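Both complexes below contain chain A, partnered by chain B and then by chain C.
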Partner chain A sequence: MEVRRAARPYLLVVPALLLTCGILYPFGLGLYYTLFDFSAAKPQPDMVRLHNYGTLLTEDAFWNSAWVTVLYAVGAAAVETVLGVAVALLLHRSSPLGRVLEKVLILPLMIAPVIAAIMWKLMLQPSVGVVDHLLAPLGLGGVQWTDTPAGALLSSVAVDVWVYTPFVAVLALAGLRSLPASPFEAAAVDGAGRWYTFRRLTLPMLWPYVMVGVIFRFMDSLKVFDIIYALTEGGPGDSTMVLQIRAYLEAIRFQRYSFGISYTIVLWAVVYLAATVLVRRLGRVQRKAAEAT
Partner chain B sequence: MSARERLAGWLADAALLLYFLFALFPVAWMVVLSLKPSDQLFSTYFSFTPTLDSYRTVLGDGGGVPFTRFFLNSLVVSVGAVALSLLVGLPAAYASARWRFRGSEHLMFTLLSFRFAPELTVIIPLFVLYQELGLFDTYVGMVWVLQLVTLPLVVWIMRSYFADLTPELEQAALLDGYSRTQAFLRVALPLVGPGIAAVSLLAFIFAWNNFVFPLILTSHDAQTVTVGALSFLGGDRPRYDLTAAAALVSAVPPLLLALTIQRYLVRGLSLGAVKS
Partner chain C sequence: MDRHVHDRRRFLALTGALTASPLLSACGAGFGGGGEQGGGPAADDVTGPFDWKREKGTTVRALLNKHPYTDALIADLKSFTDRTGIEVRYDVFPEDSYFDKLTVDLSSGRASYDVFMLGAYMVWQYGPPGWLEDLGPWMRNSSATAAEWDHADFFPNLLQAGRWSLRAGAPLGRGGQYALPWGWETNVVAYNTEVFDRLGLRPAETFEELRELAGVIEEKAPRAGFDGMYGIAVRGSRSWATIHPGFMTMYARNGLRDFTVDGGRLVPAMNSPAAVAFTEDWARMVRRGGPPSWTSYTWYQCSSDLGAKKAGMLFDADTAAYFQAVKGASPASGRIAFHPGPKGPDGSLATNMWIWSLGMNARSRRKGAGWLFLQWATGKEHLRRAALDGDHIDPVRTSVGRDGAYRDKMRHLPGFLETFEAVAGQTKVQFTPQAQFFDATTSWAAALQEIYGGKDARSVLDGLADDLAPKVG
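Our next item is the complex of A and B:
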């Protein structure tokens, strides 16, 4: 009986654990593949140890992809955070209009990112797309949105912002609504100004919620795939060739399996490292916010 | 209310309106595009005679693209992945909320860490593996990979629901002569019913919206709408009207579900990191 009791939680977890192997096994297998020169051209691969990583780190294509990925992730996460918090603050004021609009806030978030990218692709078509038509009277017509390097990167970040700003806004709004009232009442009694209250009370207490949003958005944008795939496929040139798209081209299109996986392993290591640092920081921020209340 | 406050209120509303214009316009524009006759797609921008032709084509023969098949495929594999995740995820979530046991935190973190792993790392080996095992382009193969997305979601969110439940309720059931299993099934599970409903719908949305897994691990038989919707843009002549209709049709299930679980969304989206 005692043994059964001790074993009970394990028994309940075993099925989930087995399914978890569904990801651990291919992950381990992928890691193992990267030690070989496994490709369609070489179905009987030789062990090359870390050669794939050595090649990768000396290739300009890799460093370009790494740069584009960081640019994309930082840009998307930054805009989404600022815009999301702003939208949440505006909705928190709760005007009749705000109450109506709040109901549709999550709409873009529920559309598959790839579908969102398709929608934007249709709108951004030069000369036939609606964006071009709307901007023409402002003298901004004829912009090749997705056909110039800067435009393509900007457009893909814009799609990311369109899809995921509501995510940050929803989190920040939940945060705002859960803030305790007493510090604000005390500040009002003391005659604190609106800006002072925002800087010294609202923002520090809201920060943990915002951090959760930043962590999720930054981690997710580092491994962006679907939006870029549907919008630009990495082009023009290599201007939007983020790491996962490069990995896809190498592994699936060119069938250089090991080399393609090496790209994703490097990306995984970076994401894992960034997650560890950010989550530790979140812990500190949460403690500090708890002190502020 | 002072004049200054009223002005601030108007400015806030104007700023909100501007953001929501940006947020809602693409969807509205897809509706417009999908209703335009194909010969008027680019000519007269804001005046046209609406027609349902593009929907008829997309939901009919699809102009050579088996769109309805893709739609049904999405339904089957998404429901399958959610069912499988609930079956194994609920007991695991319950165990980790009720008992602290060796390795429990590690296991939970491992499950969560998949949220941060690049999909392609596992897909490429799975692609090779699936070719060998005959799982490529099958329902079983798709359910198996989509479960990688839905299971962590179910475990993490349900864990916080179970943790909010006081253990006294089940202890009372045990005193009444229930077995531990009966206490779980008849007392704990019904109490977190709303949570289960919310997490199921959310997991369904995540599975439905996934793109990378079906892109690489299916070709036709098990291909889903997210990949299928791109088909109308390919080929010699991209069909913008059909693409717009397909995009809207494939967004309908997640949108409908989202509206029904709106209240529970925050906890779900943040994997329980923010309770609401």
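Our next item is the complex of A and C:
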């Protein structure tokens, strides 16, 4: 009995330890490999220290990918946040229709993003896709959605928005339903208008939930691969070539393993920094919201 | 209490050290699967008279791509097992993920698969790291190879395509035999006879005529009752696969090269003045008469559009049209004809080829059984059966191509046999062999997309050449 009690702390730490090893080991190994010129052409590589990072940071291809990744992540996270909050506000007023819509709303979340991208790729086909059929009567048919650089990026963001807006909406709806009723009752008694109440009461109190949505969506969008790869493969040209796709092409298709991993390490650093900043910001927002209530 | 704290700290320190040890050991553990060159010594171990039953009781693992050729092989596998007593276990992956799976498996250094499908271009990627068995010693050993296998029966270009010295820029046909031809494709023009008859058109004999024809179909076909039809289906996705069929065929017929070899170094040549002019013309043809949403087009969409009467012509693999042309396969079946396509300015019908080949893992522990499988799969008997009973068309063996039953089977497709015979002798790999093939051609496809989008061809192709020069040189 005594032995079991003494062993309990050690046993409890084992799963966390295994998980940590499972994350740290490949990460450390990957980091180590970036210090070599390891590729299929050079299976017994030389140590090149930080040369891969130096090469990467001087390549136009890298900066193009970094720019596309940031554009995509900011665009997707911003639109999803605004739309998600708007949808949540609409659904917040309980009605039979609202309850049905709540259930319908999460359908995109139940589809694998890569499937959603393939589905949208078919729907966006000019002249045969359903989107073209719907827009043709308005004189907007024949648009080559993914054939131009701007169109391809916008289409990719739109698919991301279609898949993930429900996630933000569900989060915001949960937040709305957890807000205390008394401040709103007081505002109503004082004759405050809807817009004033939203701006001065709802939004400040809801902000921590919105921030959680922003953090999740921004982090995920920085790491996007499936949606863009299925929709455009990074084209036309390099217009949707985000960092993850570039890393995949370098490491797997072109078999420049060290160089490909360097891309993912840089991406990890960017995501880590962004996460740190946003989580700090979330802490401040939570404190402010607590003060407001 | 103190003792517990102390123990816990020591425990965590120890487990931390244990966690770190694999990482540290990895420093000396080497880098995955490269290094060792595959070679032929295993072939020399086979002595005595040839015997199909030599490896009876063995199981061979095969990695296969989902393809009608594969279907024909799987349907006939029992005859291999009956003949040899060897079981074949196989995994079939769709083409989208097939080569990633094969690349990862080979580079890992495991011998999960003994034999696999690959293309000639993959030899350039998998050969230099030593992942492929040199099949030359096996072919030359009469104890390991049946007399009836008859390597002289293969179309010569096909066997040469899998033979390479592993040196960038060196021509094919010399060095180790890293892949055996199993099924192939020539790149030709297939067209819808119904729209051609109604509009009074004839297949193009020059590239200029082809561009014109694509535009005429796009303009006139919808008014002639072919709703939504465009001129010509060609691939356009951001992938190496966009370059190698119609584009590379027409490029080669114009006498153009992807690289030149200068003092042993490869120099990109896709930005030569003639190449720039050709690329501009190709992009113009696609803009005027190509598929809508061209930048996402793979062989599958091109083939489907021909079958669905959305495309008036297809410039791609003959198989891509064949699978739509056979009876009942598509709305256009019975109305698809074949033509060698436009000639070059000097009358050239140089055509780029794709070969589905079979290769062996240099690390396989069952090479004897794997070689028997490769012999059987590329042998006359199976390939004739696959051509007659399955859809394994474009025979790699001259004996199957001459076979009366095969010719009777293919005769109902207008122009198929004549086209095949016109281009077969001039079909070969038109690219320069080099390990960075996939990077070069994927970037080339991206450049083509940019030119299609309206960017200046000269500056885009100069940029491509500048980017590729240090990688391949």
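Keep this in mind: the second predicted complex is superposed on the first by the 283 of 293 C-alpha atoms of A that agree within 3 Å, B and C clash if a C-alpha of one lies under 4 Å from a C-alpha of the other, contacts with A are read in each partner's own complex, and residues count from 1 in each chain.
Throughout what follows, a residue touches a chain if its C-beta (ideal position, glycine included) is under 8 Å from a C-beta of that chain, and two chains touch if they have at least 3 such contacts.
A quick note: this is a predicted structure, and the numbers were derived from the prediction, not measured.
> Under the stated touch criterion, which partner chain does A:I106 make contact with: chain B (first), chain C (second), both, or neither?
first
> With the two complexes superposed on chain A, say which partner A:Y33 touches: chain B (first), chain C (second), both, or neither.
both
> Under the stated touch criterion, which partner chain does A:P126 make contact with: chain B (first), chain C (second), both, or neither?
The answer is second: A:P126 touches chain C but not chain B.
> Which holds for A:G235: it touches chain B only (first), chain C only (second), both, or neither?
second
> Is A:I252 contacted by the first partner chain B, the second partner chain C, both or neither?
So A:I252 meets both chain B and chain C here.
> Once the two complexes are aligned on chain A, which partner has more residues of chain A within touching range, chain B or chain C?
B
> Output check: A:T148 vs chain B and chain C. Expected answer is one of first, second, both, neither. What do you get?
second
> Regarding the shared-chain residue A:P204, is it in contact with chain B (first), chain C (second), both, or neither?
Neither chain B nor chain C is touched by A:P204.
> Under the stated touch criterion, which partner chain does A:P9 make contact with: chain B (first), chain C (second), both, or neither?
After superposing on A, A:P9 lies in contact with both chain B and chain C.
> Once the shared chain is lined up, is A:P183 touching chain B (first), chain C (second), both, or neither of them?
A:P183: touches no partner chain.
> Please write out, lowest number first, the residues of chain A touched by both chain B and chain C across the two complexes.
Touching chain B and chain C on chain A: residues 9-10, 13, 17, 20, 29, 33, 121, 128, 252, 257.
> Inside the complex, what are the residues of chain B that reach chain A?
Touching chain A: residues 9, 12-13, 15-17, 19-20, 22-24, 26-27, 29-30, 33, 41-42, 45, 84, 87-89, 91-92, 94-96, 98-99, 101, 104, 107, 110-111, 113-129, 144-145, 147-148, 151, 155, 180, 205, 208-212, 215-216, 226-227, 229-230, 233, 240, 243-244, 247, 250-251, 254-255, 257-258, 262, 265-266, 269-270, 273-274, 276 of chain B.
> Would you tell me which residues of chain C are touching chain A in their complex?
Per the touch definition, chain C meets chain A at residues 4, 8, 11-12, 15, 19, 22-23, 26-27, 30-35, 100, 103-104, 107, 125-126, 128-130, 228, 237-239, 292-296, 310, 435-436, 438-439, 442, 445-447, 449-450, 452-453, 455, 467.
> In the complex formed with chain C, which residues of chain A make contact?
So the residues of chain A in touch with chain C come to 6, 9-10, 13, 17, 20-21, 24-25, 28-29, 32-33, 36, 38, 40-45, 61, 121, 124-128, 142, 144-149, 152, 231-238, 249, 252-255, 257.
> Help me check something: in the complex, which residues belonging to chain A touch chain B?
Interface residues on chain A, with respect to chain B: 8-10, 12-13, 15-20, 22-23, 26-27, 29-30, 33, 83, 86-87, 90-91, 93, 95, 97-98, 101, 103-116, 118-123, 128, 130, 133, 162, 165-167, 170-171, 174-175, 177-178, 209, 212, 216, 219, 223, 225-226, 229-230, 243-244, 247-248, 251-252, 257, 260-261, 263-265, 267-268, 271-272, 275.
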